[in-house]
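Have a look at this one before I ask anything.
By written order: A, B, C, D and E. Residues from 1 in each chain.
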Amino acid sequence: GSAGAITLEELKEQGFARLAIANEPPYTAVAPDGKVSGAAPDVAREVFKRLGVPDVAASISEYGAMIPGLQARRFDVITAGLFMKPERCEAVAYSEPILCDAEAFLLKKGNSKNLQSYEDIAKDETATIGAPGGGTEEKLALEAGVPRDRVIVVPDPQSGLKMVQDGRIDVYSLPVLSINDLVKKANDPNIEVVAPVQGAPVYCDGAAFHKSDTALRDAFDVELAKMKESGEFAKIIEPYGFSAAAAISTTRDKQCAAAQ
Amino acid sequence: MEWDWEFVWEIMPMLLAGVRITILATILGSALAAVVGLVIVIARRSANRAVSRTVGFLAEFIRGTPLLVQLYFIFYVLPDIGILLPPLLAGVIGLGLHYGTYTAEVYRAGIENLPRGQWEAAKACNLTPVQTWIHVVMPQAIPPMIPALANYFIAMFKETPLLSAITVLELMNQAKSVANSSYRYIEPITLVGVFFLVISLISVIGLRWLEKRFGRVA
Amino acid sequence: MVLAGEIGVVQPIIKVDRISKNFGAFQCLNELSFEVAPGEKIALIGPSGSGKTTILRILMTLETINSGHIEVDGDQLYHVERNGQLVAADEAHLHRMRQKIGMVFQLFNLFPHKSVLDNVTLAPILTKKMKRADAERRGMELLDMVGMADKAKAMPAQLSGGQKQRVAIARALALSPKIMLFDEVTSALDPELVEEVLNVMRKLAAETDMTMLLVTHEMSFANDFADRILFFDGGRIVEEGKPGEIFRHPKQERTQAFLKKIIAAGQRI
Amino acid sequence: MDQWSGYLGLILQGAWVTIELTILGSALALVMAFLAGLGRLSKLAPLRWLATAYIEFFRGTSIFVQLFWAYFVLPLLGVPLSPLQAGVLALGLNVGAYAAEVVRGAVLSVGKEQYEACVALNLNRWQCMRHIILPQAFIVMLPTFGNNAIELLKATAVVSLISLADMTFQAQVVRSQTGNTLIPFATILLLYFAMASALSWGVRRLERKLARGLDGVRA
Amino acid sequence: MVLAGEIGVVQPIIKVDRISKNFGAFQCLNELSFEVAPGEKIALIGPSGSGKTTILRILMTLETINSGHIEVDGDQLYHVERNGQLVAADEAHLHRMRQKIGMVFQLFNLFPHKSVLDNVTLAPILTKKMKRADAERRGMELLDMVGMADKAKAMPAQLSGGQKQRVAIARALALSPKIMLFDEVTSALDPELVEEVLNVMRKLAAETDMTMLLVTHEMSFANDFADRILFFDGGRIVEEGKPGEIFRHPKQERTQAFLKKIIAAGQRI
């Protein structure tokens, strides 16, 4: 049921934890054989293993559907690069920071409208920006004053890339590492990247638990801290391009307090 | 989770904007479907076997595959061959093509229900084929089709949420967007259901009237 | 009227020359030949399935033929000459030829969405580019002739079977064809309505010099109406002659058997 | 190339989910169709109202709304469903509402004289339904049921929007892995068409088998 | 057989007491009363719309009545006694009463999806819980009686009208009712098929002591078959008596007019 909290014992019994992921490399990825990888699930998998939960089962979800899904107990935890923001900290129980990243823009080569920040997009009345629905970038754009009808909700990164290539949107915005991964795969000389976006904060994600699962979250934090200490943490995330130092140097409380 | 009326009033304007797009897409899609169906029927009756077979197969194919995938195809694949359609237009074309294959079946049934004697009488009156269609076949075949056509247009209305997959900001997409930024699903999704139910019920009353007025294709 | 004996003197208006017609494997008409003189009234009789309807439908170009030739009013019906050779006719040729022929169907086939008068005037207005006023004047004359003038504004659904058939006759006449074809025009009618239609046809036969071909199961009417009877069986003409000869002194066994059955069923001839 | 066979495997996994959804959804729809269709013909007014409310509600709201409700709202109300369960529930109830009208129409299409023969032979209402009316009505329902099943098959694509890993969803995954849009979508279009063709072929066969007795071919 | 004159001596098996039946504003049966003795064969004749079919349908409980009472085999048909008062019967009571009555329809109403034998055995198996083997043995006897044993495996669609009607008779007999109702069982048949059905009914009348009520337009058959004739007009019995009396010396003007019309239409009585 949705009422009672999930305990670690229950997860152990179940034998796996249910993760929500987004299929957005390098945060999260699904290999051709269906195996889940990416920095966030890899960290979670390792932490849970140490907690005595041998496996994780991931289901891909739209960003917007993740928190409602967590509230509906569709997943036990979100590990998808869902950055900490004050309202989100209200809605879920975050672990300590795991992956930190700045925001980036994907544009057509030349950046003819010279868009460097979300404010630039707000000022240029012809400029349109694509972003995942319910994601940080959508929020940043709206907060910077881009009107709703110029913020296009794009279902997935591949569609965002395609829409930039096709000229349907001027900018597609995601975290830096996601954009870099996308560009690498696209192998298209006619696109370029603006990173980091000026004025946009550096965000960190954490594993997001149900509000009532703080006990589980606390257990997760303990193991996470040990891994950060031992260097195990850096071994997992740095091959993906993330900086372990950035995550270690900040805390959940700082991130959640970081008002606009 | 509790139902929150304040939140309902807050999101209402956005949802109403979505309703507007939904209705617009339905009307344009219906108009296109009506024409596409006619083209399919005429092509399938063509004496040219290559034309009738090809169109027949294409119609079967479109009817047998999901509209959602067709929309992805139109929106994301067609640009590769230089056809770049704005989201709403792509959506209307998808709806029109898909439902055109249904309206074609309605037209076909309506035309086949016309007694053979009417075609023969037209020939005995020495009307040309075009005159036969205009003065004898259409006036008799169309009225009984109207309820069945209307039925499909109501069905199309209920499928417009698919357009959210190609970034059209219709009712469902508005609701999702609201839900995404507020983390509340109950109110937006329920309201979408209410909107659909109300509009459908009104259309059904209209449909009953049409059925009384024009009768129905068997 | 022209008597059967005179054929060969005047040029025939219909010349059917060894036509065959198959439906799938079934041979419906079998090298059928006959001629009709202008103004002649012909009755086609014979058992069910013998091909009577089919030959009328072929003359009206509602069916195609498999082999043979038909000449109507001096022109080939299904063929045109090109470079001295007869080749299959196109739709435009058929359209021209159909101007000469009108047909009345067993089930009337009125246009149900048009009023009685509109049924009669539709074809003249569309195919002869007649002015509406002229077409309506002539339409009312024809409706008057068949006794339906007072129902000009009615819709077909409001008419009895006999009335429908009289309108259908007026509609076919409106194009002033040289040849009229009638396929069992009374057999779908209630018995008490048959006579009103036959009366119209008697009047028509007496007052015009149109050529008429008529399929009927009413032997006494065929006897009154026709200059000549063609007796069909199995897709061929088995016997032909004046009504008096055929009905009183049938030569062929099959004709005799057919007439005997008809009389047994209670018909007077 | 090796990689492509991996991706094809992914799509085939999705195809299996699609097939599962279609079969389970159709089964639920069939049950609901008979319950609601016969309920609407019941002598008991409350049953009639219940059936009418079900039919009008599920035909009136969009399948999407029903799906999102089943997936996101029902768990909040204390009914936790797996994505597959939510998909089957929404699809089955939705298509069942349409098929209920088919059942009702087909039952009504059986002539009054068959009911009267039942009375004259002293069969009770249930026996009459079971042995006389439904077997005849079923043949009338079958072609439309076939169409309904194809509609259901196509509607399964929608479950990809609630992250159920059906064929359309897997095509999306492959697309984001490979950056190729044409190949995954073309592949699933063909697969959907193959499934729809198989469905209509099966229904036609069944139809012919059942109609045989009525035509008098069976000696 | 029981003669009409003996009624009143034996207890009647059917007692219709002042029943009325309205269809909307139209009064179809008007305080109709009559009695039938066990084993009696009754023919109901009269003009179209006089209520003959309706009274049979009421006896079969296919219609309801507006007022009056009917007693069948000693029990009320539409009523049951409760606390000394007659109240409307429930379905269970009707179910019990229907065991005594069988009916054959004008349009046969066979079950098209069941074989001939299954049509006959279905009701005994379902309502009398008869074993299939027993039901089939008895079914074959009945089919043999109506001359249809060789078609036991056929489907209804493969039968002619006359054959269908004979199967329908066997089906109604399979429940061994005390009373059989026949509503114009030959009027939907082609003329050459009528006789085979009438022969079956003659045999039935001669060989069993079932009570039979028969609506027919075949006066000569009614004459042969019936012990007593009821002449209906306007929802009442205008005249009744032995066939000889009614057909040769009708007393009422309406009966005379009816019979005159029948003879004019060519029927022999």
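The rule is simple: a contact is a pair of C-beta atoms (placed from the backbone, for glycine too) under 8 Å apart; a residue touches a chain by one contact, two chains touch by 3 or more.
All values reported here derive from a predicted model rather than from experimental measurement.
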| item | value |
| --- | --- |
| Co-neighbours of chain C and chain B - touch as defined | none |
| Mutual neighbours - chains that touch chain A and chain D alike | B |
| Selected interface, D-E versus B-D, where C-beta contact pairs are more numerous | B-D |
| Farthest chain (mean CA position) relative to chain E | A |
| For chain A paired with chain E, centre-to-centre distance based on mean C-alpha positions, whole Å | 83 |
| Distance from chain E to chain B - Cα centre to Cα centre, in angstrom | 55 |
| Separation of mean Cα positions, chain E and chain C [Å, integer] | 49 |
| Junction residues of chain A - those touching two or more other chains | 65, 68, 71-72, 155, 162 |
| Overlap residues in chain D, where contacts from two or more other chains coincide | 72-73, 76, 181 |
| Of all residues in chain B, the ones touching two or more other chains | 1, 76, 165, 185 |
| Set of all touching chain pairs, with the criterion as stated earlier | A-B, A-D, B-C, B-D, D-E |
| Partner chain B, residues of chain A touching it in the complex | 63-65, 67-68, 71-72, 87, 91, 133-134, 138-139, 142, 149, 152-155, 159, 162-163, 165-168 |
| Residues of chain C touching chain B in the complex | 60-62, 91, 95, 98-99, 101-103, 105, 107, 109-113, 122-123, 126-127, 171-172, 175 |
| Contact footprint of chain D on chain A as seen in their complex | 1-3, 23, 29-34, 59-62, 65, 68-69, 71-74, 155-158, 161-162, 185-186 |
| Sites on chain D touched by chain E in the complex | 113-114, 116-117, 119-124, 127, 131-132, 135-136, 139, 213-216, 218-219 |
| Interfacial residue positions of chain D with respect to chain A in the complex | 3, 6-7, 9-10, 13, 71-73, 75-76, 78, 80, 83, 162-163, 165, 169, 172-173, 175-179, 181 |
